[in-house]
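Heads up, there are several structures right after this.
Across the two complexes that follow, subunit A remains constant while its partner is subunit B and subsequently subunit C.
Moving on to the complex of A and B:
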């Protein structure tokens, strides 16, 4: 027989009357409270503090209580006068568009190949995934050598083919594109695995039925694979976009934003502004602008992909 | 009481006694933060620390080193996190920012008297704020000069280093070698993109040798956007156009491998050059004055300084200043100080204190350091100002833009001047608030 329960309030579920059960419920709240408190202290707290700092001028050295109030000046400066921020924003968008587009297309393409009955399928899967588990800084250093203008192996191949030598990471028009290429190499293996899991979750029955109806490979892909992969696609596009808009380590370790800010990204500029120039207020404002942009893009992506999948 | 419980109590008491005794024996712990991090440099610093601890029982000193690129960040984040070091060794350009934020403790009177008595006024000024307050013990003095590879110059047909900019351009272009595929195997003048000091200090040395200024004398306005400044940046553009330099060949990394003819650099590089495999330090590495520009009348240069200072939040300020003084003071006449010995023999830098310059004169008399010692007499100290690091980085980026052919010298300097003056104005307003 279950214990009678009392209704406490709108935010608390029914609490059993039994003393033993009530004590158990109390402990449940204690255990739930611990991570919530940790979340408030280590996540919500810093976010709120960062928002407060973004309205001030703070060098991180002076006491917090002495921060001069600046209102929205940091935001206005970034959006109207900070040419490096505007440049970094443009670069970050390009990086995200190039990286997300290529990772999605290549990830899906390679996943389709690896899902078919090709020889050495397991070996290929391991090879594609290896860059994902390689330390990003190690990859960055390796590619700095590979793409070196004078001694890099890529230029050796290019010139052996009779083509002109390219500056790659040291060229203002090529540095960002080269970084996008490195990022694709680094992360495409991860998205292959995600797409592969999605592909293997599609029941074979659908393909069998389609074949009975006379559907070809393209029709199977267009009308079965793609629609059923939309949830996976949504995950890939959203997580990849968020990651790409926050890119830091790769740029920091290869070009440092050079030459002449041609490969500067928002988070690297944020880091420089905070720790090199001691402008934590302005850097915090950058973080909030980037957060707003990411939020907006994510909502748009979710709406676009989710709604269509529901219709299907 | 059970047997197990008795053992537990005894063990706890033993631990309390051991750690209690250790705490009593070393009742003062100081942390020193420096950027000298190679194996040899760490060993030399630890030897100094060990010697001090031996003669000062009860004081424990912990050495923390980080790469120069992370030093400022380490100081800032340490302060914010409440785990700042007691003793800092830092670049003097950051001094105004640190002073304005109350990071530093004012040196005691006897320390100031010792510094005033034993250091040249120009060097004292370099570690003092505009109000005349000195904030620490100056250490290395680093003027910039033209370091060149005598063999590469000779192979290009030149026996003497360039004395003016026309000669610099001519020799640099003659040294550069490009193969059929366009690969640069050897470059005349090496630049150091990606490193603010490696770009801005050589630019400043050339600017001063062309009769220009960095900031106004009262440090309130940027003055590098002048006819002399534009000529200096045009020199870079000309060097790129003639092939005399190329930003894809980094002078810092490639001069020691023997593929760069000339580079504008500081004396602390001696240890690297001595260990280099691509260039023979004794027979090939030579140093010359900065070539004079068309608007200049004599070679000039820039010199920067570092200093030891104490964190204002340190609970052991007195002990920290005592340790710094001990490192910099001459204990036996004619023997020099511990830091002086380290700076000269481990780094190849020029020490600030007169007694070190006298004691280690012989070590500084080699063909490399002696040229820098001579230059320290006329090199202009780097002008320090709040926000100076930001201005320097902005200038670095624009110089790199000129090197990459992305902008003209006129546009580059006009852009930085505007931003630099805004920063200086902002700092002035902050000081008045």
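Moving on to the complex of A and C:
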């Protein structure tokens, strides 16, 4: 036992009597001091301040004490009258649903392929993972060229096949779809790697037992693979949804939200509102609305994916 | 079905598997390959209709022209230096705090740990405006410290290190104390060596995050001497709006060394990422 002299309550142990133990405790404070201060200054403090700012009008230049009070007006304005924000919310949802949905299916499919008897598993994994570690900004630049209306290679192939030239990133009906495609490309390797690790963690015995009972491939997948993969799937879906709802780099460097805000996303609109138009209050309110939505969706996903595992 | 037919069906199935894998891999690799090919074309070739698939003669001079117009070495130094400092900061602060939370009892421990858990869920965009304001009040706009200091600690990192350090046996620590080891020495000599794999994983994450980060440097930095690689690429977008071949050369220069590093260390990268997925 390292600290027999300490009697603990659930939230706060008593201060130990012996000098040795007290010195040990002081070291603990030394260890946590700098990280905790940094977290207070750069995370906990800012989120409170951000909430405060969202209730005011502020351009960041006028003194913090003089911000005119706006109450919930920023929130009301955003949800009722800021058509770009509403558009951006819809786009961001579509972006997240499209990307995460497609990648969950694709990732699972490729992970199953790679988990079967296959040669060069490492090589495949590396190839599919390359975009995941590449800077989103670089991918944005590469794909802007690939999907270019005039000189892009995709349009070259399409027109060579005798089909009409497509606008892709510059088309109001295609920009968001193209961005979703790029996001699928970018992250599918991440899903594959994690699903594959999850598949490899399922004990072979289960499949052996199922085969003895005469289960087919589909039944094995349905009643062994899927249920046992559910915790991993929960992690991947939740973290990637959270990430996708915050997309910025990709949109900033491809369409910039254009044409006609058809590919505008929430964080990009927030960036413009704050740092182009100096409306810090409105931008902070935007951040809080998105934050609330992210938490809501996370809770829903956790419920959904957990509850179903109980039924199985 | 005869035996021959069955094995024929099986090999057809596995051929199909490889076909799908090859097709997917082609799509994955193509953008990178196309970037490299395009970076070696002339300005005329890149705008040809129907398209030119390969340059008549590879224009390596594109890269020397690129090197004349942007300070590639400087961009690399800035990216390496700032990412390196952030990785060291995250590793040090996360392991120290994680150690205290895992192996010490002190008044306020639970409360502080709840603080960590709560801040772990805050997305960066919620704190973006206040942190920018703080950095500006400190006079750190357009400095390395403005870029680096807000990223030196990670709530997630503290949480991760705590989870790993809880598994270090208390007996080991007590034995060291009996031998007269000080608390910092126990941290450095006993606990750190035991959690090296976790440190490697956390370090990899922190490095990729810092290396690829774009929004924060975009806000904090405005002079070109301090630009990191993503900012460099971003500035090339307007500089070479009409010279896509040079834009591709610049992107290739920024992207390929990191890809090479990844291929060499892929085992590390992928195991670490799979590990956090399974822990989650």
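FYI, the second predicted complex is superposed on the first by the 292 of 312 C-alpha atoms of A that agree within 3 Å, B and C clash if a C-alpha of one lies under 4 Å from a C-alpha of the other, contacts with A are read in each partner's own complex, and residues count from 1 in each chain.
Quick note on the criterion: contacts are C-beta pairs under 8 Å (C-beta built on N, C-alpha and C of every residue); 3 or more make two chains touch, one makes a residue touch a chain.
Small disclaimer: the values here were computed from a predicted structure and weren't measured.
Visitor: Is A:167 touching anything from subunit B or subunit C once the two structures are fitted on A? First, second, both or neither.
Guide: After superposition on chain A, A:167 lies in contact with subunit B alone.
Visitor: Quick check on the superposed pair: does A:151 touch subunit B, subunit C, both, or neither? Answer first, second, both or neither.
Guide: both
Visitor: Would you check which partner chain A:236 touches, where first means subunit B only, second means subunit C only, and both and neither mean what they say?
Guide: In the superposition, A:236 touches subunit C alone.
Visitor: Touching A:122, do we find subunit B (first), subunit C (second), both, or neither?
Guide: The answer is second: A:122 touches subunit C but not subunit B.
Visitor: In the superposed arrangement, does A:275 touch subunit B (first), subunit C (second), both or neither?
Guide: A:275 contacts both subunit B and subunit C.
Visitor: Looking at the overlay, what does A:261 touch: subunit B (first), subunit C (second), both, or neither?
Guide: first
Visitor: Given the touch rule stated above, what does A:105 touch, subunit B (first), subunit C (second), both, or neither?
Guide: After superposing on A, A:105 lies clear of both subunit B and subunit C.
Visitor: Quick one: classify A:27 as touching subunit B (first), subunit C (second), both or neither.
Guide: Touch status of A:27: second partner only.
Visitor: Please indicate which partner A:60 is in contact with in the superposed arrangement: first for subunit B, second for subunit C, both, or neither.
Guide: Both subunit B and subunit C are touched by A:60.
Visitor: Mind telling me which of the two, subunit B or subunit C, contacts the most residues of subunit A?
Guide: The partner that reaches more residues of subunit A in the superposed model: C.
Visitor: Just which bits of subunit A does subunit B share with subunit C as contact spots?
Guide: 60, 148, 150-151, 159, 275
Visitor: Considering the complex alone, what residue numbers of subunit A touch subunit C?
Guide: 1-3, 6, 8, 10-15, 24-25, 27-29, 31-32, 34-36, 38-47, 49-50, 53, 60, 110, 113-114, 116-118, 122, 124-131, 133-139, 141-143, 145-146, 148, 150-151, 153, 156, 159-160, 185, 189-190, 193-194, 196-198, 201, 231-232, 234-236, 239, 242, 246, 248-249, 252-253, 267, 270-271, 274-275, 280, 283-284, 287-288, 290-291, 294-295
Visitor: Over in the complex, which subunit A residues touch subunit B? Could you list them?
Guide: Within the complex, subunit A touches subunit B at residues 57, 59-62, 68, 84, 148-151, 155, 159, 164-165, 167, 170-172, 255-256, 258-262, 272, 275-279.
Visitor: Could you please specify the touching residues of subunit B with respect to subunit A in the complex?
Guide: 72-73, 76-77, 79-80, 97-98, 100-103, 181-185, 193-194, 247-249, 387, 389-390, 393, 397-398, 400-401, 403-407, 430, 433
Visitor: Of all residues in subunit C, which touch subunit A in the complex?
Guide: 14, 17-18, 20-21, 24-25, 27-29, 31-32, 34-35, 38, 46-47, 49-51, 93-94, 96-97, 99-101, 103-112, 115-116, 118-119, 121-131, 133-134, 136, 149-150, 152-153, 155, 158, 170, 173-174, 183-184, 187, 208, 211-212, 214-215, 219, 229-230, 233-234, 236-237, 244, 247-248, 251, 254-255, 258-259, 262-263, 266-267, 269-270, 273-275, 277-278, 280
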